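These are the structures in question, set out in turn.
Okay, so subunit A shows up in both of these, paired with subunit B first and subunit C after.
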Partner chain A sequence: METPAKENLLEVKGLSLAFGPKDKPLFAVENLDLSLGAGEILGVVGESGCGKTLSALAVIGLLPPGCRIEAGSIRFLGQELSGLRGDGMRGLRGREIAMIFQEPATALNPVQTIGAQIVEPLLLHTAMTMKEARAEALSIMTKVGFAGVERLYGVYPHQLSGGMRQRAMIAMAIACKPRLIIADEPTTALDATIQAQILELLVRINRDYGMAILLISHDLGVVGGLCGRVAVMYAGSVVEEASTTELFRDPVHPYTKGLIASRPTKESKGRPLYSIPGAVPRLGHKPSGCPFMPRCGSAVPSCALERPDSLEVGPGHEARCPPEAEKRRRVDE
Partner chain B sequence: MSEKPYLVEVRDLRKYYPIPRPHPFAGRRYVKAVDGCSFGIREGEIFGLVGESGCGKSTTGRMAAGLEIPTAGSVNFSGFPVAGAGREEARVMRRSMQIVFQDPAGALNPRMRVGTILEEPLRIQRIGNRDERRERVAEMLDLVGLDGSLLGRYPRELSGGQRQRVVIGAALMLDPRFLVADEPVSALDVSVQSQILNLLMELRGKLGLTMLFISHNLDVVRYVSDRVAVMYLGRIVETASVGDLFDSPLHPYTRALMSAIPGPAGASGSSGSGRAGGRVVLRGDPPNPAEVPSGCPFHPRCPKAADLCAVKVPESERVGNHGSGRFVRCFFPG
Partner chain C sequence: MGAKRNPSLVAGLAIVGILTGVFILGFLFTPYDANLMDLSSRFLSPSAAHPFGTDNFGRDVLSRVMIGTRTAFLVGLLTVLIGGSAGLAIGATAGYSGGLVDEAAMRLMDAMMAFPGILLALVVVTVLGPGTGKLILALGLMFVPSFARIARGGFLQYRDREFVLSARSWGAGPVRIMALHILPNAASPMIVAASVGFANAVIAEASLSYLGIGVQPPDPSWGRMLSESQAFLFKAPWCTLAPAVAIALAVLGFNLLGDGIRAARKGGGQ
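Take a look at the complex of A and B:
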């Protein structure tokens, strides 16, 4: 299945993002590696403040003021994005890479009609005339599940429900048939039954158009249900990456184990839930060794010494925990 | 029939909010946030209330805690009516019933230190002298798992989990018998969520608390509750024990909610249990509570809807002949 010879669609290597003064940087993301093949759905899970959203914003060139790329590279279709600015990035954004935000109510323009917002990227990035773009927008709106598109083309975001707004945002994102869609918590603001509709829509888009999706979520359930592969982030770096089935069946990193075990399930009823002690370290208060060490039940003295490397623990399965990886290796031998 | 009496009994509870009229001669219209809810919670029981946003679960919780005056219907607390109690009676009654809100950052006064926040309920209720109050605060910190050194801190200096522990501690200062927990873990990160759930269960064991636990998260509700009611558009559509509800949901809406729990298909023991009968993805959005559909409010989205459903409102019917306490509001359950 793996075709290593082909270059991946998105290749993030050693990415570090920092705030604060140049001589005393505060790293929000440290040494991040991510890769995503064409047409793949990769999930990125982590708790608030782990740097998942910031990493996505770096890919699409929308880092907030005060945050900068300190090191590393972001390659998209073989092109380096990290140094790109202005026109270069604008040519890609919306055309090749599009983003779906968490809160459609604030991400949509409140004083423009839904139709105008879907037409905009088409007029900007393609040679379509207004008439063609309008026809295309109507067909995209049907695709994402609007009923009565002619009428809804002219409505404003406030006239739509949360689920419909999110569909409108997805329509904007897929308008130019980008190769990569970044979906940042696309269903967090939505109700359970609406969430199910939107997730189904994302799967359909991936299948029908072959668009790759980078799905960012705090919810292991959402990621597990949608993605083939999952990367777990903690305090600014990926601590484990594996296929979804493998990750749930055989998690290696103590943090991943903790996350999976702390979810309430049918079996856990009546017993105390597993819980990871302590809290996520604050920016600038990260320990010098493994950032998870203060909360880790199986830490060894060497964990305090340096940032751990990510090691292979199985086919297509990596974990940033040398002691655990070592254990696995010994068992295998 | 020899069941324990209800500590909290809610009967035909309604809350209507008037919508501003477009002109003075227009008819009055209302948002029926809660439209006829009945349930009872036994001493020591945790009663879960689930539903999507806007279904009226928080309003129900606020009325059960006496924070909101119902338009109609009654809430009885150990036999006494909560609504209609006078100012002084209400103050005394409030000692026994407390509420924990979703967002701990918003529920705590940012300009008060943790110690003052915890002491405040005792001062308002004029309980004990200064030293006694201090002692009680120290005990409470210990009970909710906070370090004594946090007494002098402000809420902003605490983590989300610590803040929620303070909120729970403040709610427990007056030894309440009944606690309304309105989405107490929804604003928390996954790893902290389980800490707070464990704390609530531990406190229930130690203090024998009775709880109304409100949440949109079915996994959490299943973990915590003994019995569960599912709300849709201001009405309870199904009430059952946790086991019955999750093993064999009867109302089509309950079934849809359960199959909407996202989860990895292959992972055993995960939340995907409700999917056994195939995934039901509902059409459409929950309707606007100001314009509730005729008949059964769920019929426009219901996969089983028949002509009858659009005309007649189904009554809540008891399921099973013994006192199972299982009710469903549907013409075609199962």
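Take a look at the complex of A and C:
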């Protein structure tokens, strides 16, 4: 068995997630590759329905009923997670991998105090006594920006604002100092100023504790600001991955170009924003060739033939668009 | 919560409170020994010495009603406890796991429900023989399906909530999730059911004791007091009236309490 010198923290390879009957699977996620090093922040961007949440749930082993892993592997610290059941996965959840949900209003238990909810993972995964766990919870609450923690420890979620609830969710997620935090659109439910504060908090956590973060968003602007690398998803696969600077400087996939063009910038102020024509194909209505082809302005006939492969277009830069990749190669030569 | 906004709760609490007071007092003090016969003072009508009069053996009716409260409460409490915990365990597991487990458990509960409850209790008591302990067991068994249904509904409703997913995401196991996360959210219909169940247990105990297969003499029970006193209903109506009013009050009180709790949980939100 080969052991790479430095295995990545998280390696998702060829992951396909499907609904429906075994002989006629409907793929919600198809051939997904993601890799994330220790202490890194990877942004995952894509439109609603492209499979971001399902991919995240697959990593933490909580796929909804009816959804299954059709193919591929999910390796965490060199350990295969995709076949792991029951206790094995449960031991990792919260301790090594934690998740922050989009909607803190519904992801917190309405009849438990904030403090009790932060203490629970500590009691479950560490040998702490109730007293120690409480002290730890208070210090985590301070860390995530609660002022007057002694009082807020005993309040219920509905007594807090949306931003504060999300801070509480983050406190729960980081309680046991996991190596990986999956943040699924952590700021989508919040208004813009609070959004910036929460993102800043995530960056601080990443810096101070070295926790890797898989930051999922449908907003390229959110992700671009804080991630070293970005993976752009479309219809269940990663269509382009590169360092953030590279991605913005030299996008290759037409979908990425469209996303970048549709971002509000200083120059575009006052003018209508560009939007990519068409919509994401629904589950079971994906074309057999490149899923983006029906919306693509630069498609060629070969695009309709088969699922495109992901090709390297530069150092650490891959795109799932053979015609565009080919163009670059010709320019380079 | 004012009396105007939730009269059921206030009235229910008041009645149950008074009965609970009598129940507790019964352990410490009764005016007379409830089983002490005094043939020289048979059929005394209510007076200062005997507020509820005396019966055919010259026993003090007030003292007997007080001890009867103890019997009724004991049977009600234990019945609800047995039926409630077994029903909760079955219903929670069924609702949370769903699928085949749910189907099997709920069909079993349906089968039990299809059997008239009091008949089921009668069969159990006939097979096992009479006695307070067996009565409690029989009534507890009879209550399992209704509690199981209510519990299943609650657990089914909450198992796909995001906070349950979130609890799973930090490693909570199924038992922990059911007990610590879903139960507190799904508890109020169970509490209402317990209160109403208590009232039903009081009726059932009285019925079975009236039929002579419940609480055995000489321990006083409201139901048996009724059956014993009907022979001299016109001669000494107080002997019948006292336990009848006690039964009616207990049933009314616990039903009102149940309604009140339901209204409070609905109106007040969390």
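Following the convention adopted for this analysis, the second predicted complex is superposed on the first by the 321 of 333 C-alpha atoms of A that agree within 3 Å, B and C clash if a C-alpha of one lies under 4 Å from a C-alpha of the other, contacts with A are read in each partner's own complex, and residues count from 1 in each chain.
Definition applied: a residue touches a chain if its C-beta (ideal position, glycine included) is under 8 Å from a C-beta of that chain, and two chains touch if they have at least 3 such contacts.
Bear in mind the structure is a predicted one, so any value in this text is a computation, not a measurement.
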Room on subunit A for both subunit B and subunit C (clash or fit): fit
Subunit B versus subunit C as contact partner of A:125, first or second or both or neither: second
Touched partner set for A:90, first subunit B, second subunit C, both or neither: second
Partner chain in contact with A:206 - subunit B first, subunit C second, else both or neither: neither
Partner chain(s) touched by A:31 [first = subunit B, second = subunit C, both, neither]: neither
Partner chain in contact with A:106 - subunit B first, subunit C second, else both or neither: second
A:163 touches, of subunit B and subunit C: first, second, both or neither? first
Partner chain(s) touched by A:16 [first = subunit B, second = subunit C, both, neither]: neither
Partner with the higher number of touched subunit A residues, subunit C or subunit B: B
Partner chain in contact with A:173 - subunit B first, subunit C second, else both or neither: second
Subunit C versus subunit B - closest C-alpha approach in the superposed model, Å: 10
Shared contact residues on subunit A - subunit B and subunit C: none
Touch list for subunit C against partner subunit A, complex: 161-163, 165-173, 176, 180-181, 184-185, 270
Interfacial residue positions of subunit A with respect to subunit B in the complex: 47-48, 161-164, 191-197, 199-200, 218-222, 224-226, 244-245, 248-249, 258-259, 262-269, 272-277, 279-280
In the complex, subunit A residues that touch subunit C: 60, 62, 90-95, 98-99, 101, 103, 106-112, 120-121, 124-125, 156, 158, 169, 172-173, 175-176
In the complex with subunit A, residue positions of subunit B that touch it: 52-53, 159-162, 189-195, 197-198, 201-202, 216, 218-220, 222-224, 242, 246, 256-257, 259-267, 269-271, 273, 279, 281-282, 285-286
